[in-house]
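Chain lettering (A, B, C and D) follows the sequence in which the chains are written, and residue indices restart at 1 in each chain.
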Amino acid sequence: MQAEPAHDIAHLGHVEILTDRPEESLDFFTRVYGLSESGREGDSVYLRAFDDYEYHSLKLTAAKTTGMRHAAYRAASPDALQRRVNAIEALGAGIGWSDGDAGHGPTYQFHDPDGHVFEIYYETRRYEPPPEERPALKNQAQRTPNRAIAPRRLDHINLLAVDVDAIRDFFPKALGSRVTEMIQLDDGTLGGCWFTCNNKSYDVAYTRGATGTRGRFHHVTYAVDQREQILRAADVFLENGVHIETGPHKHAIQQTFFLYVWEPAGNRVELANAGAWLILAPDWEPVVWTLEERKKGQAWGLKTIESFHTHGTPPAGG
Amino acid sequence: MQAEPAHDIAHLGHVEILTDRPEESLDFFTRVYGLSESGREGDSVYLRAFDDYEYHSLKLTAAKTTGMRHAAYRAASPDALQRRVNAIEALGAGIGWSDGDAGHGPTYQFHDPDGHVFEIYYETRRYEPPPEERPALKNQAQRTPNRAIAPRRLDHINLLAVDVDAIRDFFPKALGSRVTEMIQLDDGTLGGCWFTCNNKSYDVAYTRGATGTRGRFHHVTYAVDQREQILRAADVFLENGVHIETGPHKHAIQQTFFLYVWEPAGNRVELANAGAWLILAPDWEPVVWTLEERKKGQAWGLKTIESFHTHGTPPAGG
Amino acid sequence: MQAEPAHDIAHLGHVEILTDRPEESLDFFTRVYGLSESGREGDSVYLRAFDDYEYHSLKLTAAKTTGMRHAAYRAASPDALQRRVNAIEALGAGIGWSDGDAGHGPTYQFHDPDGHVFEIYYETRRYEPPPEERPALKNQAQRTPNRAIAPRRLDHINLLAVDVDAIRDFFPKALGSRVTEMIQLDDGTLGGCWFTCNNKSYDVAYTRGATGTRGRFHHVTYAVDQREQILRAADVFLENGVHIETGPHKHAIQQTFFLYVWEPAGNRVELANAGAWLILAPDWEPVVWTLEERKKGQAWGLKTIESFHTHGTPPAGG
Amino acid sequence: MQAEPAHDIAHLGHVEILTDRPEESLDFFTRVYGLSESGREGDSVYLRAFDDYEYHSLKLTAAKTTGMRHAAYRAASPDALQRRVNAIEALGAGIGWSDGDAGHGPTYQFHDPDGHVFEIYYETRRYEPPPEERPALKNQAQRTPNRAIAPRRLDHINLLAVDVDAIRDFFPKALGSRVTEMIQLDDGTLGGCWFTCNNKSYDVAYTRGATGTRGRFHHVTYAVDQREQILRAADVFLENGVHIETGPHKHAIQQTFFLYVWEPAGNRVELANAGAWLILAPDWEPVVWTLEERKKGQAWGLKTIESFHTHGTPPAGG
């Protein structure tokens, strides 16, 4: 049985994505994908969905490569942050403290067993809408954008890893995360693992990469309010020449209604809707899927597209 | 600033509703509203939505009156349960332990300042689907019902109270709940208050009753996955002669997409969808609405229907 | 029994709306309501929805007043046009031929018994998208707009009349229209009447105005593909300070899912969705509603808003 | 340019499907697919969707094989019926008159160039709902069913043919149908052709079969009001062990949102939604797709599933 949820970590806060086509990527994320810009600093543009309460949930950074530079979780309190730092240091995974950036205060960096960089922080910068972005309803961070696609908030990230079992062992200890679902291969090792630190059914997922390259990024996902909006989004992607990789369809694992596209630099981006699904049970037992079960494809029979197993950023060997 | 969330309470577990038209009420909740029966005991029928993981989320009990007999929260662990019992006893609100029923183990009873009865428990009975109810996807509690209306899970309850300020003071101390939104009247007292013990934006709401009667019930709500299902539900209610009180429309407070009907005994029942809205900020500040703001009506301008202020169960003075 | 459909008239083609706030109205119709501009001529801007195949479906004309200057139907062929001209002349309702405008060729003008001006034409100007507006799918007139609101096509108009019985007598003779539904008052006269010239359930509706003023306009309606888009549109209207008059809700008559707003000059505008509803029966019998039945309100019980009976453009007595 | 629409044929009326698993097929069409039974006669059960105005739109007949026995169109009037009979006789395609059945009066039978049998009739039997099936809204044929899947009406059929060019030549002459879209292969012959006799974008489609067998059936389609209902239907098919062949997704041709399943006897059945799409132009020019364009797959990139080209009923060579 999993331990009682720790709740030291409140939620996934943001992700930093690298792009070697910064102007095209920014155009995609704002004009097409429906995020808005909070500000810029150095080579980075800070972006967010209309109901993300923080200054940013996506830091888009111009670079010579692609992929994820880091992902960050917000702690529930200063004490909770310190408890997690202690736990991570005990695991020998710590990198150290840094000063934060335009979006948040001091942050503690660490790496997962596959080499992806994470941060945890508590002090944050709340988004303050300028007058023209003040919402009609005061319980919303920003006005609803007048775009076909209007994600409400950052939902989760998905990363590739060489050794998913190591990851499965690491996150509950490091962040107090719970495992909600996993894929167990015929040799007993894990092919994928989904974690959550709150009532969402997952905030980070790992799947085994087909290449041996470490630290690769699979996708970042924002949540929309209704899956009908994902159907409409597909038309908008089509009209704007965005590469639609697969979907819309419903995952068997986590039952997420999904649509995957590639932003201009090649990073995979998802729109998703989970309906009213939440993990409310404090003693949730991980759902374990076998390869045999996975052969049925997605929930309604769509075969998992081959590139889903091979395409990640940066390109393997790159 | 509100205290860091306590997380001793995992979620609202179930509600016991009284009906003086038990057969008609049962027919409504199962055939029309889309719940299914887990079992019976004495004068009660245990009901649940297809993805409620426990044995029941609604205990429907034949009685000479209507309204709510009790609502129950599930604690996050045995220790968390004991911490809450201690806190409630310190508040002088405790009633005592009882043995539980067909749905769960030992439970501690208490009353809120308005006299509504609550229970907290940890040991529960998980729903075990019979073969014909086993879902195609193993991460779901029960197969999706073949009904027009198919709520996924219990969402929240709404209660009337004479003194909402007393309630606002009570729940954070008793259960560690957070206040997410409230209505402040011109005299500074509260007209309504919304609480949550997890990432849902509310699991219990209180509004000031127009009568002086204590312990009255306003409504119970189940969540559906998409708001389009609420539009279709309206047709089904219409075809089945169910009294549609108001909606479908979108609340300004909490932005819930709603539809209110009265089940045959007069208890108000809601179907709701919150989209991708969650309270993720660990330091969420309550949103305070003035009466002036409330005069704008619901989100899209619908005036709040008069019976919403007056109709509760049991009938006042009854 | 109604006569076999004549089919001389193919469809409602466009409507000319007057505005005394031309810049604000144009901003509303394009930036908020989701139409696009085809061109300008004199005091008029030609607008259309993304899948209207003609050059325009809305001619927005700056004027000292508001309301509808004319509505126009496209005939099925040159011969069909001439047959209708003959029929209208026989009714003594003709005004005469004019040269057309930027949107279409020669047109024959006439007035209905209440004084509203109509036109019928056959030669039209097809919309030719500039390169940046070419759709990804070649069976669509223009690319899907990247706006929250994206109506597919003009749907219908609704006009006020002093004598609806005279209108009911006129349209089948003048245009070969069929009556699909009507409201019969207790004195036997008509309170409202819905007409169609094709398989849509109506393209023009008349309701009795509360004032004695003739020739007034009630609303123009565009169709969206899914009613979920109307729910989202309500948020966009709210955010943009547009007056939402009533809805979203479902009409009992014609079962249209509706949302009514006022554009800045006061003309009422609707977004609607009819689902898969079509009038396919060649011998459809009009559905007749009594006042008693109308007292139930709209389909799900919403009371018809008072301004729906009184507000028209131009203002009565204006 | 196509001729002005003839309008002698009002709409597709019904289709007769053969099944060698009659009980299972009936269970599928009623309990799962959401049709209701009007009556039985001999080896046939008469079925319809809730807003089909006639006695039946699907005649399900127990047989030793599968496939379509006939499809039937309703004429606009007795005169129109006779005009079509004359046209068909002139084409040498007539079979002759028969007395009709439980669902309609005298009917004239003919065959298309591929050997499929069609009927045209005018006298029909309107569906009269028994008291428990009377709708709450009188403008609807029957009450909305309390099933997850609730199609509104018959939409279209799709047939396989050896020589689609012959079909393309035949229907405009026989029924006055218009061609709305077609696939032209590199050798100039047609790979598929879509026809309509009214404002729907198609009521019958033909595609070239991969086998040389004549008279085969591809699928029958019912329309639902919103595409969200198709997403929910997919869950219901999954839960009921129905073979989901492909979808939900959006066709490039006709832009229909689709979901294909096989009923227990192997006949392919579709649920579809066309949004607000109608063919209103009286001079609509057929949209011609090349094989090169078809290689892009469906609208959002889904590759056409292989069985779509090979599976028909009865089995080829069977």
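Just so we're on the same page, a residue touches a chain if its C-beta (ideal position, glycine included) is under 8 Å from a C-beta of that chain, and two chains touch if they have at least 3 such contacts.
The model shown is predicted, which means the values in this text are computed figures rather than measured ones.
Looking at which of B-C and C-D shares more C-beta pairs in contact, the answer is the pair C-D.
Inter-chain spacing, taken between the CA centroids of chain C and chain D, is 31 Å. Separating the CA-averaged centres of chain B and chain C is a span of 44 Å. Shared interface positions of chain B, i.e. residues touching 2 or more other chains, are given as 137, 226-228, 231, 235, 238, 299. Under the stated contact rule, the graph of chain-to-chain touches is complete, every pair of chains being in contact. Remark: chain A residues 227-228, 231, 234-235, 237-238, 244-250, 257, 299-302 touch chain D in the complex.
The touching residues of chain B, when paired with chain A in their complex, are 4-5, 7, 10-11, 51, 53, 74-77, 79-80, 137-140, 152-153, 155, 181, 198-200, 223-228, 252-255, 273-278, 280-282, 287, 289, 293, 299.
Contact residues of chain D toward chain B in the complex are 31-32, 135-137, 143-148, 150, 226, 228-229, 232, 235-236, 238-241.
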